[in-house]
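Got some structures for you, see below.
Below are two complexes that have chain A in common, paired first with chain B and then with chain C.
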Partner chain A sequence: MNEKLFVIPFVAGMALLFIILIVKGYKWISSLSKIDRLRLINALKSRRILQSAKDIFMECLIHRRIFKKNMVLGYMHMSLAFGWFLLIVVGHLEAFVAEKSLAVPFYLPIFFRFFETGKEFAGSKIFAALMDLLLLFVLSGVVLAWSKRFYKRLFGMRRTTRLQYGDQIAMTALWLIFPLRLLAESATAHQFNNGSFITQTAGSLFFNSNTASTLALPLWAAYSLALGSFFVALPYSRYMHIPTEMLFIIFKNAGIKLKKRTNSFTELAIYSCSRCGICLDNCQLNNAGIKNTQSVYVLKSIRNKNIDDEQLFNCLLCGKCQVDCPVGIDLTSLRITQRIESTLQYNASYAYLENQATTKAGLIYFAGCMTHLTPRIIQSMQHLFELAGEDYWFLDKEKAPCCGRPLMLAGQYDAAAKLIRNNTTQIIASGAKKLVVSCPICYKVFKEDYQLPGVEVLFHAEYILRLMNAGLLKTAPLQKRIIYHDPCELGRGSGMYEIPREVVKNSGQLIRIKNEQEHSLCCGGSLGNLKISQAERNLIRDSAINEYLSYQPEYLVTACPLCKKTFARNRNMVVMDLAELVLEASDEFIKRKKLKGNKVTNIRELETLIQS
Partner chain B sequence: MEKEQKHVAVIGAGIAGLHTANLLAQSGHKVTILEKEKYPGGHLNQWHHLFPDHSSPEWIISGLLDEQLQFDHLKMISSTEITSIEKNNGHFAINAGNELRIYADAVVISTGFKLFDARQKEEYGYGLFKNVITSADLEQSLKSGQPLTTASGKTPSRVAFIHCIGSRDAKCGNTYCSKVCCITGVKQALEISEMLPETEIFCFYMDLRLYGSKFDDLYLQAQKKHKIQFIRGRLSEAAETHDKRLQIKAEDTLSGRPLRMEVDMIVLLAGMEKNEAHQMFSSTKLLELDEHGFFKSKNIQLTRNETTQPGIFIAGTCICPMSVNETIENAGAASILVNRYLEHQQLTNHHE
Partner chain C sequence: MNEFAHLVSRPSRQIDYQTFDNRLLAYVLRYEPSFLTCMSCGGCTATCSAGKLTDFNIRRIGLMLRRGQTDKLAAEIDKCMFCGKCSLVCPRDVNIRNVVLLIKKESTRLHAENQKV
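The block that comes next holds the complex of A and B.
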């Protein structure tokens, strides 16, 4: 029997994997929309391909983002990915040099020590040492990966992903590959003296001349089998992310984005998830004991085609998971798209909103449903408009059309589109140049899904800061310790972090805290979660409140009526909206100027008073 | 054998505390009532009329206080807030403000309830819109004898009562029913209707829980004679109009339609909540509280007035929301259990 046959598991596994990857890759590329395909072609022809190459190197091999999160975790991923990559590259170079040809059988570099038993060639000792070093590098990653199952904390993780069968098979194979390679190479080294500092030492440690010659071939065969099993299991496991992520990076850099309906890019994003579990610890649903609806599990269920509404809709859509996603998947949008897919049959009628009277005005104020539940904010906004002498129209004062965002979060895109059309008509007909909203949920949808040419959409924090900068709103900072809570839809959702902080700084003493800006906490009140119970929401809210209380603030200021309402139900803290804070600071200004007692309704009266 | 006189401390001089104290004094025990306010009577002092008979609560309080006068061994210490209770060898040491320390063989807690703070429901505008008041505010207004007016002094042409404020509302953390607000709303609606026959009155409810024997009669009277309209549906929000009226948004869940109307005045039927003083007892592990923060009974069926701590008893609305007559009955039941406990103690001591 030809002993070379032991390479068959490897060769067969590799071939199968290539076929699957080519079929999948072809499917993903060919089912792109025409525009996206053009984007891709342009990107491949332009310098963006270099950017993609760099990103692939930095993220798929070096794992830069994971390094940023935790050094040990980053090293583990890097040693496995980059180490294995170098083993392949250097192994090939070694084979090319040894054979003095580029036309070597493709399995040769993989099983080089088995075939090249002691032949001297240029740099053979250096290659042997280098290959041993690289093997050590990879093995250190395997040891870390194995110990991560027991010492999560060392890797900065409190939770790791629960694995499915495909993952377990592939992972076991992966963990076996390199120890088996070490043993096989050691046995051969003991026989033929073709190893270096690791394999040679291990060879004399583990084997005698008898065992080395009997065990060498079985060990090489086991190594080949482990490789073959890994390749066969790969497409059915999380390790599919290895080839997929590269394509995902190229697609993303070409400007291809997630759509409101699933397409091949959605699938690519789903397959790119490595189930590393970094998103798990960020999820505040843990505080409510909800453990199976996190992004990693939803992506897994979508990929396995067994996603159900319980899992899909039990999410705050706060976006905390995607902040640290090493692959950079837009997890929130992906989940919303999936929700749209699962609620296609629903559609509502908004006939009662039609034929509404429009008022001509320079500025429109849209309070939104949530601000209507917090009338103090409405009152403050109206007060601010009066102070600024604004000619404004309170669009949803009586009839309250929804902005559409809550429906969008629930996946009811067609219904949301009807509301968006209705509101767009009203806004355009009013001739307004500015649209001010006091709810970040409304703000996000007005910014992203409305087309309002000639109308500037302003969040109230932006509007207030402009008034302050223009001298139209004068405040004196209150002697109060203030925590500013970033609402999810405004912070991670719309990237607005600094503007509201500027407003707070003009109105009181802002304290900086650990979990803020993109790492800020969700209040638990999110409209995005359609499954969570009130008691579970309270647990999320209370854990956030407790964290805030540890800084001993006097005010908790937020810029979202829903956050305000949610937090205010815990009765241990004074909670208010930015608009309310600003008015208190404006009163403080009037008080300090000893103007109290004079009724001030707008800035001109205030200025007259200051002058007199 | 001569019966040794036992000492019972009663905490709280609302009607539950007063009635329990009187019954215990009548049984021959020495009784001390501790009250944090200046005057006894509790919440009832602020109330105008009681359901279902529109009687005045004043005679209840004065009746209970008059009864006290016959007992020399009953005394009341007011304006005194207790700071802690300790249990030693089956006896209790009660520490109160101004360095007062009282020893007792048994303790009755009758600390009552706290009215739900309607500002929690910001969407209804209490504390923000002048014409939004609570049932307690309305009762005080009625008690003043002045005709009911809006904040600007006008006679309201439309009044809306909103049921279940702070009751059966998971969002504000109270999932239980406060039980007495439905009938209070009906009673107050009738009173306004009698005072201002031209005023239209609406009650927004989610369920009408008219559990008492005479309550349905009032409800029928309200609908038939006074044309008070009952709309099934909770309010989503209230907003103030430029002329300080109030716009209400709700859903009429019987007709399945959204509803919008303007009224001159809103009355929020605020529910009953745990008294925050309860926290003191549970933090020292002396007593257990139930899931709503009220005192936990040893057995909810048989020994409602016994706590999880032998020798400490509970009476009235510190157990759960109750009406006035239920509170009085409950106080009676408490006194029987205290008596039984003290007699048992007497026997054991004698045997020792």
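The block that comes next holds the complex of A and C.
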């Protein structure tokens, strides 16, 4: 029997993998919309291809984002990916030099030591040493991967993903590849002295001349089999992310984005998930004992086509998971797209909406449904408008439709569009130049989904800061330690972190905490989650409150009525909105000027009082 | 005499358990058992944003659901704007927003199923 036949599992596995990848890749690219295909072609022609190449190198091989999260975890991924990549590249160079030709059989570099026994060529010793070094590099990653199963803490992880069968098969094969390669090369090295510092030493350690010659071929065959099984299992496992992520990066750099309906880019994003489990620790649902609805499991269910509403809608949509996603998948949008698909059948029409009477005004205040549950915020906002002497119209004072965002969070975009159209007509008809909202949920939708030409959408924090900068609102910092809680829709959702902090700094002592800005906590009250029970919400809220209490704040200030309402149910903390805090600081200012007792209704009166 | 309202005969309001369609109710209770604790206090209706614009009454939705008035319910539930105020004010912590979602989903499915038959 021809002993060369041992390469068959590798060759067959490789061929099968290539066929599957080509079919999938063709499907993904060909089902792109026309405009996206143009984007892709333009990106391939322009300099952006260099950016993509750099991103692929930094993310797929070096794993820069994982390094940022944890050094050991980053090293493990880098040694496996970059090490294996270098083994392939240097292995090919070695084979080209040895054969003095570029036309070598494609399996030759993989099983080089088996075929090239004792042949001397230019730099053969250097190549052998280099290959041994690289093998050591990869093996260090494999050892780390084994130990990660027993000691996650070293890798900065508290939880890892529960794997499915395909993943387990592929992972076992991957773990076996490099130790088997070491053993096979060592056996051959012991026979023919063609190894270097690792393989030669291991050869004399593990084998004698008898065992080396009998075991060499079976070991090479086992190595080939491990490679072959890894390639066959790859498309049905999480390791599909290796080829997919490269395409995903090219698509993303071309400017292709997730749409409101699932398309091939959505599928690409789903296949790019490596199920690394970094999103798991970020998810606050863990505090409520919910363990199967995190992004990694939802993506897995979508890929396996067994997603159900219970899993899909049990998510706060706080966006914490995607902050650390090493692949950079827009997990929140992806989940909302799935929700849109799941609710397509029942979008409401809101036929009862009719144009209400509008009031002409320079500024519109839209409180939103949530602010109506926290009357103190409304009072404070009205007080502020009076202080600033605004000519304003309180749009939803008595009755008005919702802004539409809660419907969108539940996936019902068509229904939300009806509300948006109705509100837009009202706002435009009033002739206002500014729209002030005191709820970040409304702010996000007004900013992103409303077409309001000539109307400036302002969040109340922005509005208040403007009043302060214009000298229309004078505050004296309170002697209070204040934690500012970033609402999810305002912070990660709309990227507004500093403006509210400026306002707080003008009104008290702001303390900086560990989990803030991008990593800020969710209050647990989110409208994004339709399935969570109140008891579970309370657990999330209390864990956030306990973290805040460790800083011994006197006030917990937030900029969202829903966060305020949620936190206020816990009695251990004084919770207030920015608007309330600012008014308290403004009162403090008046008190310090010894003006207490004088009734001040607007800024001009205040100024005359200060002057007198 | 016949000007007294209580003397005007109305269609029967009794529930016939032989023809009672409890599929929707069973579905809602399966996925949102907290609905069982609803005591029909009407807090949800008092705060409802949609209720201010129209005659929509979320408390009545619960009653219709218990009475198995599936068809009437499907038309009525469309008025809900999903803002979630009802869930926030509920003294029994019923996840009303999910109840609405479940009703929408299942009544659409039941409607399609009835059409086939």
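Throughout what follows, the second predicted complex is superposed on the first by the 611 of 612 C-alpha atoms of A that agree within 3 Å, B and C clash if a C-alpha of one lies under 4 Å from a C-alpha of the other, contacts with A are read in each partner's own complex, and residues count from 1 in each chain.
What we mean here is this: a residue touches a chain if its C-beta (ideal position, glycine included) is under 8 Å from a C-beta of that chain, and two chains touch if they have at least 3 such contacts.
The model shown is predicted, which means the values in this text are computed figures rather than measured ones.
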Side-by-side fit of chain B and chain C on chain A, or clash: clash
Superposition-derived comparison: chain B or chain C, residues of chain A touched: C
Touched partner set for A:L353, first chain B, second chain C, both or neither: second
Partner chain in contact with A:S196 - chain B first, chain C second, else both or neither: neither
Touched partner set for A:Q412, first chain B, second chain C, both or neither: second
Touching partner for A:T558 - first (chain B), second (chain C), both, neither: neither
First (chain B), second (chain C), both or neither touched by A:I378: first
Touched partner set for A:A568, first chain B, second chain C, both or neither: first
Partner chain(s) touched by A:E398 [first = chain B, second = chain C, both, neither]: both
Which of chain B and chain C A:Q534 touches, first, second, both or neither: both
Chain A positions touched by chain B in one structure and by chain C in the second: 352, 372-373, 398, 400, 534-535, 565
Chain C-touching residues of chain A, taken from the complex the two chains share: 309-310, 313, 343, 345-346, 348-350, 352-353, 369-370, 372-373, 398-402, 406-407, 410, 412, 415, 419, 525, 527, 530-535, 562, 565
In the complex with chain B, residue positions of chain A that touch it: 352, 372-376, 378-379, 397-398, 400, 534-535, 538, 565, 568-569, 571
Chain A-facing residues of chain C, complex: 31, 34, 47, 49-50, 52-54, 78-85, 88-89, 93, 95, 97-98, 101, 104-105, 107-108
Interface residues, chain B side, partner chain A - complex: 120, 122-123, 125, 128-129, 170-173, 236-240, 247, 249, 258, 260
